[in-house]
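Could you have a look at this structure, given as structure tokens, before my questions?
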Amino acid sequence: MDLLEYQGKQLFARNGVPVPEGCQAATVEAAADAADELGYPVVVKAQVQVGGRGKAGGIKLANDRGEVEEHAGAILGMDIKGFTVHELYIEKASDIAEEYYAAIVFDRGAKKPMAMFSKMGGMDVEAVAEEDPEAMRTVHIDPLIGFQAHHGRRLAYEAGIATDVVRPVGAMLAKLYDTFVAEDCMLVEVNPLLITGAREVVALDAKVTVDGSALYRHPDTAEFRNLGDEDPQEQMAKERGLTYVKLDGNVGILGNGAGLVMSTLDVVAQAGGRPANFLDAGGGSKADAIVSAVEVILSDPKVSAVLFNIFGGITRCDEVANGLVEAFGKVDVEVPFVVRLDGTNDEEGRRILADAALEGVTVEKTMLGAAAKVVELAG
Amino acid sequence: MSILVDNDTKLVVAGLTGREGTFHGLNNKNYGTDLVAGVTPGKGGQDVEGTPIFDTMHAAVGETGANTAMVFVPPPFAADSILEAADAGIDLIVAITEGIPVHDMLSVYTHLKRGSTRLVGPNCPGILSPGKANVGIIPAHFFKEGNVGLVSRSGTLTYQIGNEIAQSGFGNSSIGGIGGDPVGGTSFIDAISLFEADPETELIVMCGEIGGDEEERTADYIAENVSKPVIAYIAGFTAPPGKTMGHAGAIVSGSKGTAAAKAEALEAKGVRVGRNPTEVAEIAVEAIGSKA
Amino acid sequence: MDLLEYQGKQLFARNGVPVPEGCQAATVEAAADAADELGYPVVVKAQVQVGGRGKAGGIKLANDRGEVEEHAGAILGMDIKGFTVHELYIEKASDIAEEYYAAIVFDRGAKKPMAMFSKMGGMDVEAVAEEDPEAMRTVHIDPLIGFQAHHGRRLAYEAGIATDVVRPVGAMLAKLYDTFVAEDCMLVEVNPLLITGAREVVALDAKVTVDGSALYRHPDTAEFRNLGDEDPQEQMAKERGLTYVKLDGNVGILGNGAGLVMSTLDVVAQAGGRPANFLDAGGGSKADAIVSAVEVILSDPKVSAVLFNIFGGITRCDEVANGLVEAFGKVDVEVPFVVRLDGTNDEEGRRILADAALEGVTVEKTMLGAAAKVVELAG
Amino acid sequence: MSILVDNDTKLVVAGLTGREGTFHGLNNKNYGTDLVAGVTPGKGGQDVEGTPIFDTMHAAVGETGANTAMVFVPPPFAADSILEAADAGIDLIVAITEGIPVHDMLSVYTHLKRGSTRLVGPNCPGILSPGKANVGIIPAHFFKEGNVGLVSRSGTLTYQIGNEIAQSGFGNSSIGGIGGDPVGGTSFIDAISLFEADPETELIVMCGEIGGDEEERTADYIAENVSKPVIAYIAGFTAPPGKTMGHAGAIVSGSKGTAAAKAEALEAKGVRVGRNPTEVAEIAVEAIGSKA
């Protein structure tokens, strides 16, 4: 789960990471009131999960209420690389002496956290990596020992920053690691990490990804919402407890098990089709779940045909067939369905479908055959 | 022969009294697996169809000599259950639980790597050695004994591919899922090295998916260490960047972890990659000949 | 450093270990006022670092102010196994359903923390260990993984307590472990650990030993004082930064290095003498430290002769000799001294002593010879 | 031959620029030890009488190939310094610092046990292999090359006994202090097993003291694993229970850790125990004959 800047900074603040004072706002008036409260100058920042906000005009300095109103008005509703701005963060302007880069990431290959630091901050990291790969310094952290002072010193000295800020930068990295652990993060990135004129270290930005599986122990974080990120189908699927990802094709897809669904998408694409979604009905899919899933898939107006690809292990094909029959009774289905049932109780499932003689439902025996058929029907 | 589970397996199930635990535990027992105990705190002294329940893993191991633990407990308690099994001296832990927090698994993984307990999973379907033992949720009736070793990150995809291979006449030495989470106890490399050492296994099939770089590293490992033919399948060519495809670990990050890159890496090291599950079975026939 | 009960309970409270409400008091009036504040009944508890306070009459229930005054008056100044009671702890009386025993100790052999639990609480642990060794359950904790829920369950189930308190007892043990780590403890012992009538778990006693080396990060703990524990010589030595332990003989001893001083005590005892103290003047002992050390040793009126046993490594024998000469100039020395100087600059040291011709100072070449001599002189 | 330090030792000193660090680091260098670097954060680029200083241990190891680190930094920073040296790939860390919190050392000890770095100390005088290398604060001029291996918890007591032995004509293969703290990286057993394997060592002397049960466990180890003669000395017969005798680890707890119990345990396993330092030397002469 990706957090917006102001949400990430809430996590920072509660874990002792210094951040400038600021306030979230969703309207021009709220923005101006927040700025009055904070005191000028302030920075008006678009809250979208994408880099390059500054270049796109999404970050503006304001010296008085009028300027805040002007910038807030311009930024709210703005489109930045496909993301619509629904929220602003109004932040006290900082006194910038140096801009560094700092991050704690989960390195999946090493199965360890990794701390990253560079003195080239405030710009695109991947650009830095290309321009000067040596500028980005990294150390792996043993998760049982945690972040030690020597990790911070090493990153700071190797990055070649001024000696007077080695210790405070190390302390900041330690606090970021604390945040990473305490808040169950997958990523904590600060770009830029600021050295002020007074030689204080401040997190000027916050890019935080938290582990969705750990939200049960972070009720505050679980309540965070990103208004710009809520696709109506994905929202609907989430409410029904389904694992659904919206794609941009026209072949609706349901399968059981994440790997099989991914494979189904691939096979449909290989057959020349364009998948409209990923939907894992899960192991042991019961009739209820099938009805819900059909509703979610069909709520996407682009869908012109649907493929059910089931390999029954724990899932019983007869239950899936019954679910489909039930769904056709409840939902107004106007597109053709192709159903492939294999595995546990597959013959029984196919018999149920044959008996129900649902209009527009074709049964196929193999995955490849089913994919070819649904692509043909989707047009 | 086979890998990880066999006739010497003495199984204890953490969470045997739960709905899923009972269902799959008894399934495993009915298959012939030697189910010796269950662990559910507070239910010590009870039994599940004759299998005794203990309050602690240590008591279960002490009383029954269990050497393999299957973990079915809910995510908030799963890491503790895995650590308990390791502390009690269990050799192999198969963690079925889906949704264990990554930081919990980072600690568990790091701790276990320093000991002698092997962990498979979490978020995995378990391991089946046809005709010997089944530990997990793999529907065993599709598979028979044979010479193909199959390892996958995914459950149902395993069955799909396993079934295609079975229909080409092959049986399996063992079929295992290593799990779809970012931090798993057993890697493709671990499983493949076991298959390489297993005399019964003549062909190894690995089913990867998007996310991470394990398939890429496995390709290098195979090139240097594996003499047996390996066939691969990769799911997720169609997955868009930044979206988690069902498994917590199945996510393309930026330009990293794509199916195309993985297939390319494997092929560059001489591993044949099937475009779809059916093609995997076809390549298997070419590689070692159908026994059908 | 051993803490008094009320001090240990302060550590408990700040780490989330439930303790009854209570208040320290050093006078009868303060005790009565505290009891009025807490509400009756209360328990008046002698604060001394020794077991068996209850049997000795150091713990009394009081139902009103009059009873508090009576008990406080009786207990203050009481001698319990050689310890004088200088302080009281006034605590709200608890409703006792069960008494267990819990501890987290540092197991030196295993180099790991060890959690201990028994359902036989409220009595002498060593008696329990003799009566029923199986009653005390223990588990080692990997310090990098820490205390896990399964550790608590295992102790609770193995000890055989009622199922309804397994979980809260486990939670209590986890909190005690948190305290052990957060407060740099060597020992955290709760005897009895109480189950109340409402089935709540409460620490009714607290025996805590903290690591003196870690006091720099616990300024609050470093301020704790135990009025009953302060020997005047040890207090004086502490103020001067010397490593000094008071013993009960008449031969004052100074050496350099803890091992050599221990060995010197032994050799003096073997020669038939009784050491008056352990004093390690440390590596590189300078003249100042020698003067201080002489003052501390001689402040014990029992001392009738003093042995200096120096093997110079980093310590230079000439500096020790100069220090001794200086000390004789500043301090009124009325007992004989035996000095053995060996190692770095020993000849120079002996020459300095010969030149100074200090009254009552005998120089010996070997450790055994010096021990025999000082015992003879001490009488 | 010798143990732990020798002509292959390439020494880096953490805290070389401090007063004590400079004094002893240069002492070691003057003895002939190959002092290659110092580490002091913020002083990288400086030097101490020609020995280069680095900001980090990693830079020091990378630039100089140091394989042995001596830690002289103050207690609050010592655990971090030890972990840094291990992380940088140092083989042997000798920690002189006294007063490191026990909980810091518990973490460091547990972490290091799982890797390949050996720690000696903390709160120890270091190791001297006469004629080869001196790493620590042992005054080397009392000792010459020879066949007695000496290991002790204490510093000055080591010199006292070492000197008595030297005066009986013996030299030393190596003399080492394992430190007086409750959690030390190297035990008597570790050191004695190294002396047992060292061809130059013909006699092993161990100097124990009150506290813990290491001497008792060492007695068992010697009985089962050591073929060379071992002589012991134990300090602290006069120590009262509950009082720390100078060393953080030197404390009799209840009836545990007394000198009498230790001496008895050693003698029960055939280890001769000298009643005082002089007697240790006398027994040494009996055991292998004076070379004087």
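The letters A, B, C and D name the chains in turn, as written, and every chain counts its residues from 1.
Here is the rule we use: a contact is a pair of C-beta atoms (placed from the backbone, for glycine too) under 8 Å apart; a residue touches a chain by one contact, two chains touch by 3 or more.
No experiment lies behind these values; they were computed from the predicted model shown.
Q: Please compute the C-alpha centroid of chain C, do the same for chain D, then give the distance between them in whole Å.
A: 28
Q: Using Cα averages as centroids, what's the distance between chain B and chain C in whole Å?
A: One centre to the other, that is 54 Å.
Q: So which stretches of chain B touch two or more other chains?
A: If we look for residues of chain B contacting two or more partner chains, we find 107, 111.
Q: Of all residues in chain A, which are in touch with two or more distinct other chains?
A: Residues 142, 144-145 of chain A each touch two or more of the other chains.
Q: Work through the pairs of chains, note which ones touch, and then classify the graph as line, ring, star, complete or other.
A: Contact map by chain: other.
Q: Could you run through all the chain pairs that touch each other?
A: Result of the pairwise touch check is A-B, A-C, A-D, B-C, C-D.
Q: Mind listing the chain D positions that touch chain A in their complex?
A: Chain D residues touching chain A: 41-42, 44, 55-59, 77, 80-81, 83-84, 87, 107, 111.
Q: Which chain A residues qualify as touching chain C in the complex?
A: 144-145
Q: Spell out the residues on chain B that touch chain A in their complex, using ranges where they run on.
A: 75-76, 99-104, 106-107, 109-111, 125, 137-139, 142, 152-160, 163, 180, 182-183, 207, 209-214, 217, 233, 235-240, 243-250, 254, 259, 275-278
Q: Within the complex, which stretch of chain C touches chain B?
A: For chain C paired with chain B, touching residues are 142, 144-145, 148-150, 153-154, 157-158, 163, 166.
Q: For chain A, which residues are in contact with chain B within the complex?
A: Going through chain A, the ones touching chain B are 106, 108-109, 111-113, 126, 142-144, 181, 184, 186, 211-214, 216-217, 243, 245, 247, 255-263, 265-270, 275, 278, 280, 283, 311-315, 342-344, 366-368.
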